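Would you mind keeping the following structure in view while I ask a few things?
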Amino acid sequence: MKVGFMGLGQMGRGMAGRLLDAGHELVVHNRSSAAAAPLQARGAQLAASPLDLLDADIVVSMLADDTAVEALCVASGFAERMPRGRLHLNMASVSLRMAQRLTDLHRAGGSDYVAAPVFGRPAAAAEGQLDIVAAGAASALARCAPLFAAMGKNVFIVGDEPHKATIVKIARNYMLAAAVESMGEAFALVRKSGVDAKAFYDLVTTTSFTGSSYRNYGKLMVERNFDNPSFPLKLGLKDIELALAAGGETRVPLPLAGMLREQHMGALNRGLGDKDWASMADYIAERAGLGEVK
Amino acid sequence: MKVGFMGLGQMGRGMAGRLLDAGHELVVHNRSSAAAAPLQARGAQLAASPLDLLDADIVVSMLADDTAVEALCVASGFAERMPRGRLHLNMASVSLRMAQRLTDLHRAGGSDYVAAPVFGRPAAAAEGQLDIVAAGAASALARCAPLFAAMGKNVFIVGDEPHKATIVKIARNYMLAAAVESMGEAFALVRKSGVDAKAFYDLVTTTSFTGSSYRNYGKLMVERNFDNPSFPLKLGLKDIELALAAGGETRVPLPLAGMLREQHMGALNRGLGDKDWASMADYIAERAGLGEVK
Amino acid sequence: MKVGFMGLGQMGRGMAGRLLDAGHELVVHNRSSAAAAPLQARGAQLAASPLDLLDADIVVSMLADDTAVEALCVASGFAERMPRGRLHLNMASVSLRMAQRLTDLHRAGGSDYVAAPVFGRPAAAAEGQLDIVAAGAASALARCAPLFAAMGKNVFIVGDEPHKATIVKIARNYMLAAAVESMGEAFALVRKSGVDAKAFYDLVTTTSFTGSSYRNYGKLMVERNFDNPSFPLKLGLKDIELALAAGGETRVPLPLAGMLREQHMGALNRGLGDKDWASMADYIAERAGLGEVK
Amino acid sequence: MKVGFMGLGQMGRGMAGRLLDAGHELVVHNRSSAAAAPLQARGAQLAASPLDLLDADIVVSMLADDTAVEALCVASGFAERMPRGRLHLNMASVSLRMAQRLTDLHRAGGSDYVAAPVFGRPAAAAEGQLDIVAAGAASALARCAPLFAAMGKNVFIVGDEPHKATIVKIARNYMLAAAVESMGEAFALVRKSGVDAKAFYDLVTTTSFTGSSYRNYGKLMVERNFDNPSFPLKLGLKDIELALAAGGETRVPLPLAGMLREQHMGALNRGLGDKDWASMADYIAERAGLGEVK
């Protein structure tokens, strides 16, 4: 299949590589063309503009945020001009509002739109081991299946309207934010009574909180290993704001999220924005009088 | 070993039965003596007062809350009068303040005190499959080992001062409260956008939230199965208040807990106190405009 | 002076009338031209487009929200094309981001921009009794003085950069939101113990809370008079969101605001959006088990 | 009238002095007798025990907190043994629970109980200028009238059950806590955008927030004058905890209070407990990245 690909960040590069591995013909576009070189070396073509991707059967986008999507997919005319019968497979995390807007633009132009955000780190992307949450028309999803197979280990279909995948991704990341905060607070609570953080970590992650969310972030909290973030705290704030915006549009009160946002704002002011999300535990500990943030 | 046992509620009955199974000589005390009958039928003796347990090698207590502990272990003179060399093994969840008070009373009288709260439902208690969090002097813990072996599947030693086990139990339950709330909010968020709760549940519990806390409460939320609570919502509030009280005494700000308490208070006023804790999801959904609580 | 005026809502009509009273030559623009009729009857001219106001010495804008400002002042080309030496006096409440954007657009084009949001109800606008918070270059403020004199009873100059007036308006309204909520919660607290709301109202508004914010909203709460709102609850939410957005841009954690937003969202779902802001007290009371919202 | 008086702290001393001024016969009790000397010099007698006050017509108590009331009025046997026909006029701020307990004890013994907490600083107490919130049986209140006249400038009768005065005091102080926090957050918000705190203060305290609560605490915030506290931050936390405890007993969700408590806990860890309550503004500002607390 001829596949277009927009957005060659840490995630996108690995995903695009998997598509080449699977034998697809690839045309890539990225704001800085340097990121495309390794893919070009493997046979990918470089497109100067998002519009140059419009003759591909499916165009995958994996952009950083709404601003990038606005620029490359909306303002550029990409979504509006996509020909009838072509398909835009957006795998980035966007706001609920943007998901609806892209849906509308593609519907108006007669092209197809599938939202399929992913869970997983860059390493998982490079190995085709992502978890994919997908929503869109059944026929459109079927056309994406070979690409999903190349990039992911699981595909969760959550509905036939694209924004449903978007909200699922937002809600799951919001649960993650609550998990990070609650674990950080729990660590502060036991440490202030003299309990070793590692002992508490071992207990909770081998009994009721065995999930990877608790194991991974908890381990970083115990080790105070925040300097090579696989997910920086500032992106955690972005996710909370996506949840709040979605809650605002659909009128869902989110008491936890309202509070989490302010907590993250404070942590940013304390210089933790580019540290790992787990550094929230240090911010909480500092407020509890347990020494300074690292 | 001659073992005293105070508190034959749903949990205590099963635990005491396990001690009989393991061949220990058992003397039991309970406010209502009816609960003791099945144990008496198996050879346990009934004691009229907590003080009548004081000649046992170890006295296990498994009482409902601080008020019961205050009455049976403190006001009765039990802790104060326990002879030197005897041991009080408190397996109930109490406040941090009560943990410290019992420690002081036993120390003053020369007897030993071990705190060893448990995780697990009544069924696990009856099968000796509890997770036990223990703290106390090493020699005292060693003496408890045969009892732990009879009642639990895992023992986590978290320090040599009893209150450390108490705070660990409190902190872990507090994480549970945050998990219930965040999952409830996430369900409301996706449902309001038309996503099926079950689809979301399947996704999160098979990816980053595989722990039993999410699986068990999430399942009840999806099924709206709240009428045969294994853990009623009002006990969730009790746990949050234990966390807040501990945070107050040790000066640990707990932003989530402050908010969770008010949320639970509202749910109680909505008639959910005796429903399963998972019914919090219905309360959240109602506030989101998603229909009335069950 | 030749004055342009954009936005003839409840507030704008009264303000424009005061400018006619003061003898200024007035050209008005409104999306629906019907609102202009009474002013035309008094000599005002009607302009078909915001661009038709650009030959006035000063153009006052009093639009409902950022969306209206975006359409009429930005997308229309109004700000960009305003000739050097002309002045845009924006008296509406906008976001901090919009304040900065208008400042930049006018600066780029060489025209002047003054932000001067107001406090006061429509009646005060019609009588020239508004409180005006103004910020802008000193020379620009001086040119606005005759207009301020016609419309307001007090002018508070808070700086030479326009966005400073904007943030002051936002921060003050945010204090109002907190006052409404805290009074609502206090009413629920005393009522649940059998105290008459009126008795509590009399006490607090004659001792430490004598300000009009508490007197006016508290009176409506006591009377449960919510059906002819001078300020509907949904606008309260809008103000809180302006505060949160400003806090987000300038990184100021606002713990109260995060929580207030969720509370308002719940009240909207309970059907109170178009009721007076004071109806928040009914929402709070309902959650406290004190009967249904009116 | 023969009047007993318990509790000669900063407030009690002034109030007792006013009773002497009014010609009453005074018997005083205080844990440290030194505080009684100036009153003894003016003719007051010193009692060694609270029980020695029981032959007075009315015994006024003005103790620091529930712990002191528990010791001097309950554990001592004072309330239980007060003879039929005598009256206990408690002017201290206590918990709702303690208010109910004292009511019950006096009712059981046939004596009268009036709760009459006060608003005002020590200077107001010395000048008989307190605001008094009173509740109790009408006949009992009538008997207290001469004492109220000596000590207060206003008396607000809020019901015939004593706990109603208690909850009113708690609710009003809770509103004060919200006012302090919201003003602190608003200051941070405007300061971060370059607005002078004094300019903002002048504006709000001359428009919608003219009450003494905003004027007094706001002035201290602007001046950063925290070292001679007329009301230290840690007492603010105590008041919030009284509100939360009352909310807990009567099941009133208090979203603001839950959050306020955690905020105060953090401020205590930052060393502000003995500073003026207004120093909360510095804590908030620090979290906003506006420099260190004083």
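Each chain carries a letter (A, B, C and D) given by its place in the written order, and its residues are counted from 1.
Everything below uses one rule, namely that a contact is a pair of C-beta atoms (placed from the backbone, for glycine too) under 8 Å apart; a residue touches a chain by one contact, two chains touch by 3 or more.
Here the structure is a predicted model, which is why all the values come from computation and not from measurement.
Engineer: Per the definition at the top, count C-beta pairs in contact and tell me whether B-D or A-D has more.
Structural biologist: B-D
Engineer: Same or different: at the chain C/chain D interface, is the fraction of residue numbers used by both copies above or below half?
Structural biologist: same
Engineer: Roughly how far is chain B from chain D, centre to centre by C-alpha average, rounded to an integer in Å?
Structural biologist: 38
Engineer: Just how far, in Å, is the C-alpha centre of chain D from the one of chain A?
Structural biologist: Chain centroid spacing, chain A to chain D, equals 52 Å.
Engineer: Using the touch rule from the top of the page, what residues of chain B touch 2 or more other chains?
Structural biologist: In chain B, 247, 251-255, 257, 259, 263, 266, 269, 287-289 touch at least two other chains.
Engineer: Considering the complex alone, what residue numbers of chain C touch chain B?
Structural biologist: 255, 259, 266, 269-270, 287-289
Engineer: Can you list the residues on chain A that touch chain B in the complex?
Structural biologist: Against chain B, the touching part of chain A is residues 96, 119, 131, 133, 154, 156-159, 161, 163-164, 167-168, 170-172, 174-176, 178-179, 181-183, 185-190, 192-196, 199-200, 202-204, 206-214, 243, 246-247, 250-257, 259, 263, 284, 287-289.
Engineer: Would you pull the chain B residues touching chain D in the complex into a rising list?
Structural biologist: For chain B paired with chain D, touching residues are 241, 244, 247-248, 251-255, 257-263, 265-266, 268-269.
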